[in-house]
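Pasting the structures here.
Paired with chain B in one complex and with chain C in the other, chain A is shared by the two complexes that follow.
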Partner chain A sequence: MSEFGYIPEAPEQSFGNNKGIFTPKDIYDLTRADKYTNLGQLELIETQTHSSDVSDIDFTSLGTYNVHLLTFSSTKGGGTNPQMKVRFFESGVKETANAYANAIQFCDADGSSFNYSKSTADSGIPINGNYMGGVTQGYIYLYNLGDSSKYSFLTFQSSQYSGTYGSRFFGFGSGVMKQSSTVDGINLYNSNAGNFTDFDISLYGIKEY
Partner chain B sequence: MTNLQFITSVSSTGTSSVDITNIFSDKYDVYCIKSTTYEIVGSASQNLYRRLLDSTGTVISATEYASATLEGRAWDSSLLESRSNGQNYMATGGYINDDSTEGVGFVQYIYNPYNSSSFTFSKTQSSSWNNNSSRGLVMRKGISVHKNAEQITGIRYYVASGTFSFKASVYGVK
Partner chain C sequence: MAGQLVQVATNTITSAVASVTIYDENPTDNRYIVAFNNILCSSATGIRYRFTTGSGTEHSGSNYDQTSRRLQASADTDHTAPVNQNSVNFTGVVVGTTVQSVNGIIEIINAGLSDQYTYATHKGSHFYNGQSVAGYQGGACLKATQVTTGIKFFMQSGNLTSGSFTLYKQVGS
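Right, the complex of A and B next:
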């Protein structure tokens, strides 16, 4: 008898194209081989929540994905004009040089105009305005982190409430670490030397076949 | 919780267009398309365009699309607005690289494509690299609509000239 109980030989199995009656072991084996149709390709990698104030939040187990999604909510920063930024780890070493570029559009609900922010050489990628003392939430898509031949890009959208100024903001934009490398970690930090005083952050991988 | 359900992926090299067929159905109202590879082969940076495929799989090239896009460039203090109420294509976020080293990242959402009584809407956010004159990061965020109520079954990505390499995956949003 061949694998999966077929006589004399098993049909080809692949995602979206499974044939037959499967035992739990069949399903386990096919799933491990990426050949079983398990719907739900937004795969949770890790969630980190606040238990004590920290200056950095690191995700160092990224799995193998071309695209990651990071969501953040209930996130607050201490210090003066706190701002959350993103940096990357390469082979376990955090890149802190001015290796990042960004282009971001911010809007203050109480203001009369939009604010465009950009940089060709920065030590991190801003994800919100420098008013994280209230609360901020949003999402970040990250691209090509594990591909050593490509730059690592991101796109994001965020909203925040400034406790200090009583204002509401939204922001969206793009960023890149402008060097080809294998990224194996994501660092979120408070750029103005303060800590994170609250956060609820989840990292997902988007599975493909 | 909302989740993504994989439908298909495409990978091509050295073509002027890529059709992703029979991806829309009555199973989902919203779809997500993500890409990390769009590389122009042997020519200057250029835009990636989209057109939709109708219920017979025929590309819709009539002037039935409208788009509005905001572009920020890391080297330029001005934002660029691009909008049109009558185009024969959907704008795609991406003013993309002209060699194979940098890559790209974009996510698009498509709304109501299979509903024959609804327009098909889309939003895109992208991050890409422009090598012209050694410039750099390009940010785009845009919206598009196909202004005709009909059943859409697929999508075509294409460039105005030359050929390109492309990879993308399509998901239903459950």
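Right, the complex of A and C next:
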């Protein structure tokens, strides 16, 4: 008997089109080949949580996805006016030049401010206001990271509580690294020279078939 | 191994097309997510969407309202809120140069409720008219009741020339 219980030839297998009787080894092998119907296309890549204060949080195993989702909660920065920003690694090298552009709307829950932030040449993409001394949470979608012929884009939404200022902020926006390259890592950093004093951050790949 | 986010349809453009429709052949859920990336086009206009019902039949009546904030790295922000449109422009003007692709997420809400309007939120990241990175961040509503099964994308004029649209359902929602 050939594979999957078929005689004499096993049928071609693909996602959404599996036929036959599968052994645990068949399922393992087909899953690794992306040919087994495992429903559930939000795939956890890595979670990082705070164990000691750090200045940078890096995700350097991205897998192969057109779209990634990064969620962050209970994230807090030290230093003066801490702000979380995103940068990318290109072939293992962190891009720190002013290669990034962004456009962001920040809102203050008490209505005292409705700030618009934009830049065509920045050293990173801001994800929240520079009051991360409270706690911040939100999510970021990232696009085309592994495509060497495309710019890498992101969209995000975040909310935060400023312990210093006693306010709640909400932000949303878009950003890009304006150069075509293979992005193989994501760097989160505290732009104002402080550390992250708390964080719970997960990176997911959104699978396509 | 059932997950909470399940792919139900995808379309990768390999040659220029006037539109792309993706829909759920077994619509049982109320919330969907559409991920799109690397979208390029043949003319400097906006990309629009309409909701579908049944086997991909578009709703093309003038029943769409939307409100969006347009953010752009080299310009002041502005606001667009057209009502009674026959579709939703969720990008503003995009230009199809190779690297300045259109990327984003649309969430569809109340899709499976036949007695409710269908709502959506959209967020994007692309280059506005070839100038600088920009995004429409906002929401839309189809002011007609139907079971929404999917979504159709098309250019205001011209074709979609490359990119990928994928529809996921949020199982259990």
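Just so we're on the same page, the second predicted complex is superposed on the first by the 207 of 209 C-alpha atoms of A that agree within 3 Å, B and C clash if a C-alpha of one lies under 4 Å from a C-alpha of the other, contacts with A are read in each partner's own complex, and residues count from 1 in each chain.
Quick note on the criterion: contacts are C-beta pairs under 8 Å (C-beta built on N, C-alpha and C of every residue); 3 or more make two chains touch, one makes a residue touch a chain.
All figures in this text were calculated on a predicted structure; none of them were measured in a lab.
After alignment on the shared chain A, the placement of chain B and chain C results in a clash. Touch criterion met: A:E208 reaches chain B and chain C at once. Applying the stated contact rule after C-alpha superposition, one finds that A:S174 touches each of chain B and chain C. Looking at the shared chain after the overlay, A:N144 reaches both chain B and chain C. When the shared chain is aligned, no partner comes close enough to touch A:G124: not chain B, not chain C.
Shared contact residues on chain A (touching chain B in one structure, chain C in the other): 39-42, 66-67, 101-105, 116, 118-120, 141, 143-144, 147, 149-151, 153-155, 157, 172-176, 178, 180, 206-209.
Residues of chain A that touch chain B in their complex: 15-16, 39-42, 66-67, 101-105, 116, 118-120, 141-144, 147, 149-151, 153-155, 157, 172-176, 178, 180, 206-209.
Within the complex, the chain A residues that touch chain C are 38-42, 66-67, 101-105, 116, 118-120, 141, 143-144, 147, 149-151, 153-155, 157, 172-176, 178, 180, 206-209.
Chain contact summary for the complex, chain B toward chain A: residues 2-9, 34, 36, 70, 72-79, 100-107, 125-129, 136-141, 169, 171, 174.
Interface residues of chain C facing chain A in the complex, by the touch rule stated above, are 1-7, 10, 35, 37-38, 69, 71-77, 98-101, 103-105, 123-127, 132-135, 137, 164, 166, 168, 171.
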